[in-house]
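Every chain is named by a letter (A, B, C, D, E, F, G and H) in the order it is written, and numbering of its residues begins at 1.
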Amino acid sequence: MKEENITTQDIIAEENLVYKKTRLMTDKVLSYCPGCGHGTAHRIIMEVIDEMGLEEKTIGIAPVGCSVLAYEFMNIDMQQAAHGRAPALATGIKRTWPEKVVFTYQGDGDLAAIGTAETIHACNRGENFLIVFINNGIYGMTGGQMAPTTLEGMKSSTTPYGRNTKLMGNPLKMTELVAELPGTYFVTRQAVHTPANVRKTKKAIKMAIKNQLEDKGGLNFVEIVSNCNSGWKMTPTDANQWMVDNMFPFFPLGDIKVDGKKVKKD
Amino acid sequence: MGELKLMKGNEAIGEAAIRAGVDAYFGYPITPQSEVIEYLTSEKPEERTGMVILQAESELAAINMVYGAAGSGKKVMTSSSSPGVSLKMEGISYMAGAELPCVVLNVVRGGPGLGTIQPSQADYFQAVKGGGHGDYRMVVLAPASVQEMADFVKLGFELAFKYRNPVMMLSDGVIGQMMEKVELGEQIPRWTEEEIIRKNPWATTGKKGRERNIITSLDLDPARQEQHNHKLQKKYRQMEEEEVRFEKFECDDAEYLFVAYGSSSRIAQKAVKIAREKGHKVGLLRPITLFPYPAKEIQSMLGQLKGILSLELSAGQMVEDIKLAVEGKVPVDHYGRMGGIIFSPAEIVEVFEEKFIGG
Amino acid sequence: MAKVKGAIVIDTERCKGCEVCVGACPTDVIAMANEVNSKGYHYAYMAQPDECIGCSNCAIVCPDGVITVYRKKLVSK
Amino acid sequence: MTEEIIIAGFGGQGVLSMGKILSYSGIMQGQEVSWMPSYGPEMRGGTANVTVIISDERVSSPILTEFDTAIILNQQSMDKFEPAVKPGGYLLYDPNGITRHPERKDINVYKITGAKLASEMGNTKVFNMVVMGAYLKMRPILEYKYVVEGLKKSLPERYHKLIPLNEEAIKSGLEHLEEVHKLN
Amino acid sequence: MGELKLMKGNEAIGEAAIRAGVDAYFGYPITPQSEVIEYLTSEKPEERTGMVILQAESELAAINMVYGAAGSGKKVMTSSSSPGVSLKMEGISYMAGAELPCVVLNVVRGGPGLGTIQPSQADYFQAVKGGGHGDYRMVVLAPASVQEMADFVKLGFELAFKYRNPVMMLSDGVIGQMMEKVELGEQIPRWTEEEIIRKNPWATTGKKGRERNIITSLDLDPARQEQHNHKLQKKYRQMEEEEVRFEKFECDDAEYLFVAYGSSSRIAQKAVKIAREKGHKVGLLRPITLFPYPAKEIQSMLGQLKGILSLELSAGQMVEDIKLAVEGKVPVDHYGRMGGIIFSPAEIVEVFEEKFIGG
Amino acid sequence: MKEENITTQDIIAEENLVYKKTRLMTDKVLSYCPGCGHGTAHRIIMEVIDEMGLEEKTIGIAPVGCSVLAYEFMNIDMQQAAHGRAPALATGIKRTWPEKVVFTYQGDGDLAAIGTAETIHACNRGENFLIVFINNGIYGMTGGQMAPTTLEGMKSSTTPYGRNTKLMGNPLKMTELVAELPGTYFVTRQAVHTPANVRKTKKAIKMAIKNQLEDKGGLNFVEIVSNCNSGWKMTPTDANQWMVDNMFPFFPLGDIKVDGKKVKKD
Amino acid sequence: MTEEIIIAGFGGQGVLSMGKILSYSGIMQGQEVSWMPSYGPEMRGGTANVTVIISDERVSSPILTEFDTAIILNQQSMDKFEPAVKPGGYLLYDPNGITRHPERKDINVYKITGAKLASEMGNTKVFNMVVMGAYLKMRPILEYKYVVEGLKKSLPERYHKLIPLNEEAIKSGLEHLEEVHKLN
Amino acid sequence: MAKVKGAIVIDTERCKGCEVCVGACPTDVIAMANEVNSKGYHYAYMAQPDECIGCSNCAIVCPDGVITVYRKKLVSK
C-alpha cells in the first residue's frame, strides 16, 4: 500500500498495535483528578508486573491518601493499609511469604509524616520489598494540607500564607534519609510527567523488582515526584511545569543509591 | 496426654503458639508480658516450625504487621500490655473492618496512663465494648490459668478464622507471670500454601486462577458501608449464639452469685469456699468469653438468686454487662481493687457479707 | 527508506482533558476538542492525524491510560 | 415556610458559594438556615453539591434525600437529583452540557442559560449568580434586599467591589428564567 | 449579643477557640474535620491572640503535644476523626491518669477501620466507656448545632480545668461540615504567665518559689496507685453529681421517649413532631453530656413512660446506658443506621410505630 | 600547718569543699543498677542547670525506660511522657512557653524505636529544645531486649543468640541521621564512663542549653553512649570496658554537627 | 495440705530458681503448685522474691500477703516479710548480712548459714540449694526423691552434670538447719 | 612549691559498690570494702587516704553521686 493511501483507520488494526493500557489495570475510571501523576505511576507498576510475569505472585499495598483506592485499579491482589503503616503490612506479608513480590504505594503524608517510623525501620531492617513513594508535596486526598515535603513558601490549605520553615519545619528529604541506612539497597528519585521520565521510572521499578526477586539484601525505594494540581490549585500542565521549576531543584531526580552503594554526586 | 511442664503463662503462650502451627508473632516488649517474645526468640521457632518472630519498632507497627500477614491468610498473633494495646486500637478496628483473623493478647496492668506494672482488669471495656472506633466486636477470651493461656491460643485461632475476626485474650499480670503446670498439645504443622489458599480463599496470596482479592476496611459509599456493617453485626450475633463459654462452681443451690473472670475468678473460687464454710450459699460464675457474654446463663439463674456480686480488679466494668443481663431483677453490686492491688478471698467474703448479708 | 505512520485511539469518554498528552507529542498531533464528554471534560483528539508517527509518547504519559497506539511500517520508494 | 434545596454541578461552578449566599440571605431575612456540602474524595470525581435549607423553624436534619427544589448544573447531577425532587417540587437547570433533559411531569421544571448569559456578560465567574437570580425568580422566598445583604456578608471585604457585577448577574438571571413545564 | 455568622461547625470551633483564649491547637488533618486546622491557620491566630497552631506529624504526636502544653498549664486542644482518635487512646489515658485538662474533638465518621468519611455516632463507647486502658472517664459533650460546637469550646475548657481531666466533644460529620448561623462570644484574653501559675499551681512552669511540680501517670507502688485511682473515681462521681446536662422536648405528657444526641437529636426532634401529628405522645430527651449520663433524668420519667427508643447512628451503643438507667422497668429499644447513612424523621416514626404501637 | 600533720579529717571541712552532688539532685536513692550511666547523666544535666542559674525556668521530660523516674531525682519541674513521645511533649511545652528551657531525656528504645517519628520530626522542625539521648544498646527497663542500637551479634533477651542483622535489621545511628536534617543545630555523641568524658559531655550539654537560650534556630541533640551492665549481663567495670571496645567503634564519640554545620571527618 | 512460701533476697541469690525447683518437686509429688515472682523495675533495687504455693488443691491466688513460711536472705526482705508470716508459721533465714535478727515469738524461727556452707563447698552458686535443703528439713512436705526429680526437670539438659553437686548442697542444708525459736 | 592534699567522703550507705570510682582515681586511693552496707553492697572507701589529691575524678564518675571531695592547698617549703 502506498503511504499516501493509508488512512488512520487502516492503521488502527490489531496487528499494528504498539501501546495499549496493560490488562493489569482494571477498566474502572481512575478516581484521580485530571492530569494527576498517580494514574501514570499505577500504570507503569502494573506494566512491570505484567511484563515480568509476576501477576500471580504479587501483593500490593495501598495507603491512605488519594491512592487509597489503588486496589480498584491495579488488577492484582492488594491490601489497604492504615495511614502510614503500609511498610508494616508489607513486612508482615513478606516475612511470612518470602517468595511473593510485595510493594507498597504511598504518598508523602503517609510515608513521611505519620508513617515515618514504619518507613525508617522497614528500610533499616532491610526488608526485601519495594516502596513506591509518590511525593506531590501535599496531602492531596484530604484537601491540600501541608505535607512534610511541602516546599518553603509553598501555599497549602494549612499554610495559606506559604510554608514558614521557622514555624513549620523544613521540607523533608525522606529519600536521601533512607539512603543513609545500610538496609536500603536501591534508592532513586524519578518523575512521570514526560515520556522520557516515565520510561526511566519504569526502568527503575523494574530494577527494584528484580532486586527483590534476587533478594539482594535490602529494601528498594523508588520516589516519584508528582504533581497534585488540585492541591496546588493549577492546571495539570502548569502544575507539571511548576514541578520542574520548583520541586526538582529541591528534590533532584536521579539514582541516590545503587547496588547498596550511595551514588557519588558530581 | 501431652507433656507436663512448669511454665509462666507468658511462656506457655509462646510454646502453645509454636505448637499450634502459628505462622508469625510480631510484638514490642512491655512488662508484664515481654516473656512472650523472649520465650519465642529463645526457642528458635524458625528452626522448629518456620514460624517468624519479629520484634517490631512499636506496637503500631506490630499490629499492622499482623494485619498484613493475616490479610495474606497466615495465622498471626501479637501481644502487649495496656498502654501498648491502646496504641493498637486503630489497627484492631481496621482488622475488624477488613475481617481479618488474628489473636491479640493483652496482659493487663494497672492504669490509666503508665500506671503500674502490677495486674489489673481495667481494660475490660476496651476489649469488650470496642476501644477502637466504629461498631465492631472481638471474641474476648479470659484465661484463668497457665493451662488456659496455652489452650486459648489454639481456640483463639479457630474462632478467629471461623469468624474472620480478631480474637483478644484478656489476661493480666498474675496469669502472665505465674508459673503453673501446663500440659502442652502436640505439634500441629503450619498450613501449607495450598492449605492457606483452600481454607482462606479471600486472602491476598497472589492472583492465581481467580479474580483478584482485596483486603480493605474502606467503602466510601455509605449504602455499601452500611451493608458491610450489617454483615459484621450478623457475625457478632452469631458469636453470641455459638461462642458463649463459662464455668460454674457450686451454683446448683446458690442464693448468691459471684461473677469473676481471669485471675479474679481463682480468688473468688476460694472466697466461695470460705463463704460456704460460713454458711452462705454462694456460687461462682466464671465467664470465659467476655464477648460474647454469658448473659443468658445469668438470666437463667435469676429465679434462685438473691444477689450478684461482680468481682473485678477495676472500678467496675463487667458489672455493667451483668446489670444489662439482670435488668434490675436481682440486686447487683461490684467490688474491686485497683492500681495493681489484688483482693484476698477473705476480703471478698467480708465485703459480700457487708453488702448482702448485713452487719 | 522505511517510514512509519501511526494512529491513536482516545477513549474520549474516559479522557479527562488534562492536556498532558498534547505537550508530549513530538509532532503536535493532539489537540483538545471544543466539545465536552459526558463528564464535562474537553477531551483530546487527533487534530493532525497525518503527523502521527506512533511513538506512544502520548499514551505513556496519559495519566488515565486512555490512549491506544498503532503503528505501521511503510515502505515507500 | 421551609424550602429544601439541592444545588449540584461540577466543582468550580460556584455551587457551594451559591448555597452560602442563599443561606446568608435567609439569615438576613431572619430565618433559620443550614448549608451542608457533599464532602470528601468524591470531589475528585469533579462533582459538588450542597443542600441548603431555609426555614421558619429550626432545621432538623441538614442532610436530605428529597428536596423541594433542585438546581442542576450538569448531567451527572441531573441523573442523580431529578428523581429526588418531591412531587410538586421545582427543578431549575442550565441546559449547557445536559444531554438528557428532565422528564418528570409531576414537578415544575425551569431552565436558565446561565453559562451563556455569564459569558455574554464577559465574566464566566458570575455564572452561579445568574443561576441564583433565576432561582429567586422561580421561588420568590427571599426579598431582594436580603439577598444583597447576604451577598455582602458572604464575600470577604476585599471582594466587595465585585458586588455590583454580581447584582447585575442576579438580575440577568431574574430576567431570563424560562418555564419548561409548570404544574397548575 | 455577639457577632452573627454563617459558619461550618468545624470553623466555628476554630473561631471559638481563638476567642476563648485557647493557647494552642495541635492536630493532624483528617476528613471530615480538617477545616478546624485550616480555619485556624487562615486566621493567623499568632497575630490575633498569640495562639499557637501546629500541624503535627501524626495524631500521636498531636495528643502528646497537647499533653506537654497542658502539663505546663496551658489551654490546649486537638481534633480528629475516628481512626485518628483511636490513635490518641494511649495519650488520652495518660492525660486522664496524669490529671491534665484539654479538649479533644472527635468529628465521628463511619467505621470500623478506614470505613467511610460520612457521619456516624459509632464512637460512643470509645468516648464514654474509655477506649484507652485503665479506669478513666472523660466529660463527653455532644454538640447538636454549630452554635454548640462554638459554645462547648469554652464550656469544655471550664470543665477540663475544674476537674483537671480531658474533655471530649463528640461530634460528627453532619455538625462538623454543615453551616448554620452562630453567635460568637467576645474575645477572652489568653491567660498571662502569672494567671497560669496562680490558677494551675500544679503545672510545670518552672520551679520558682515552690517545690518542684511533677506531671506523671506512673506510680509503681500499687497501694499509692490504688489511692490515685480512688481519687480519680471520686472526681468522676463528682462529675456525675454536678455536670449532667440535657435538653427535653415535649416530655411533659410523653408516653414514649426518644433518646438521641448530637445530629440524631435534631432528626429525632422532627420525628417527635411527626409522631405527635399522628397522635402519639412522644417526647425527646437529648443528652448533652454523654458522660456523665442523664440516667437520673430518665429514671425520673419512668412512671409516665411506656417505652424508650434510642436513636443513634450506630449499631446501638448509648442504648446500653439507657438500659442501665431503666433496669428493665420500661421496654427499651434501639434504632440506628450505620456506615454514614442518616435516618430521616419519617423513617424514625415508622420504626417507632412498628416497635411500640404495633403494625 | 605542715603537710605531714594534715589528716584526712582536717581536710574534710566546708572551706575545702571542691565537689559535692548538686542540690538539683534530690536525696532519693537512684533507682538505677550499680554503675549505670543514667545516674551520671542525670547529675551533669542538673549541674549545668544549676551552674547556669536556670532552675526556675527549666522543664524536663522523662521518658519510659529505666529513667522513667528521672523526675524523682532531678529537682526541677518535670513531666513524664508516654513511651517515645517526649519530643512531642517538649514541642507542646516549648511552643507555648518559648522562654523556658526544655529538655527531653530518652533511651534508645524510646527515642529510636517507638519514638522514631517524633524524634525525626521534632529535629526536622528545628524545635528549640535539647534532646539528651542515652544509648545503651538495649531496652534496660523491660529486661534487656534488643534496641534499635543493639550491635550486630550482641545478645539481648530477644536476641539470645546475638543480633542477626539480616533478620533483625542493622543497628541504627539515629544521631548521624538527625544530623542530616537542616533542623538540627548541634549534634554530638559523648560518654560518661571516665572523668574526662564526663567533663566533655557536661560541656556539650552546656553548649546545647546556651544554644537554646540564644534560639540559634535548631534542635540540640546530645547522645550519651552508656552501659547497661544489667542488660548486658556484665559487671559495671567490665561493661564500661566492653562499651569502649565494642560500642565506640560503631558509635564513635565526638561532635557531628556544630553551629548548624556538619563536622568534617578526617 | 497447702504450703504458702515466700522466698526473698537479693537478685542473684538464686531465689527464683529455688522457687522453681520447689514447684517442680511439688508437681513430681503430684501436687498443685504456683510460682509467682515479684516483677518489674523494682528488681533494679536489687531485691527479688517469689511466692511458691504447694497444695493438694487447685491454687486460687498465687499472690499472697501472708505466708506459712518465709525464707529470708537479706535484711530488706527480713524487714518486709517477717511481719508477713502467719502466726504459728515458719521463718528460715541466713544470718549472713542480717543486721536485725527475727524478733517474733509467735512463729518458728530457724537459720541456716547457707552462704558460709556454700563457700566452704567451694561453690557459692549452690547457696540456694543449701538453703532449700534446710527448708526441706524444716518443712518436710516434699519427699526427697521428688525433689531430685524436680531438680532435674528444672535444669536444662546441659546442666544435668551439675545435679550431684546440687544434691550435695541440699544435703548440707538438711544437715545444718539450726533451730532458733520453736513454738510448742 | 604549692602542694595539694585531698580527701573524699563516701556515703557508704548509698554506695552501690559499682567500682567505677576505683579505676577513675589517678592515685589509686579507693578500694572496695569487704563489708557490705545494708543493701548488701561492698562499698567503696579510701584505702590510701594519703594519696588523695582531691581531683574529684571519682566523684565525677560516681553514678550515684555519693562522693564528696575536699581539697586543701598546702604550702611546704
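Brief remarks on what is shown
Throughout what follows, a residue touches a chain if its C-beta (ideal position, glycine included) is under 8 Å from a C-beta of that chain, and two chains touch if they have at least 3 such contacts.
Owing to the predicted nature of the structure, the values given are computational and were not obtained by experimental measurement.
The fewest steps needed to get from chain F to chain H, moving only between touching chains, is 1. The greater number of contacting C-beta pairs, out of the two interfaces A-C and C-D, is seen for A-C. Inter-chain spacing, taken between the CA centroids of chain A and chain E, is 39 Å.
If each chain is reduced to the centroid of its CA atoms, chain B and chain H end up 55 Å from each other.
Taking each chain's centre as the average of its CA atoms, chain D and chain G sit 86 Å apart.
The residues of chain G that reach two or more other chains are 40-41, 46, listed in rising order. Contact of a single residue of chain H with at least two other chains is seen at no position. Residue positions 31, 54, 57-58, 60, 83, 90, 94, 98, 113-114, 117-118, 216-218, 220 of chain B are each in touch with at least two other chains. Of all residues in chain H, only 36, 38-40 touch chain G in the complex they form. Residues 10, 46, 74-76, 97, 99 of chain G touch chain H in their complex. Chain D contributes residues 20, 23-24, 27, 32-37, 39-41, 58-65, 153-154 to its touches with chain E in the complex. By the touch criterion given at the top, residues 64, 68, 80, 82-84, 113-114, 116, 139, 141-143, 145-146, 148, 157-161, 167-168 of chain A touch chain E in their complex.
On the side of chain C, the complex with chain A involves touching residues 3, 5-7, 9, 14, 16-20, 22-24, 41, 46, 49, 52, 54-57, 59-72, 74, 76.
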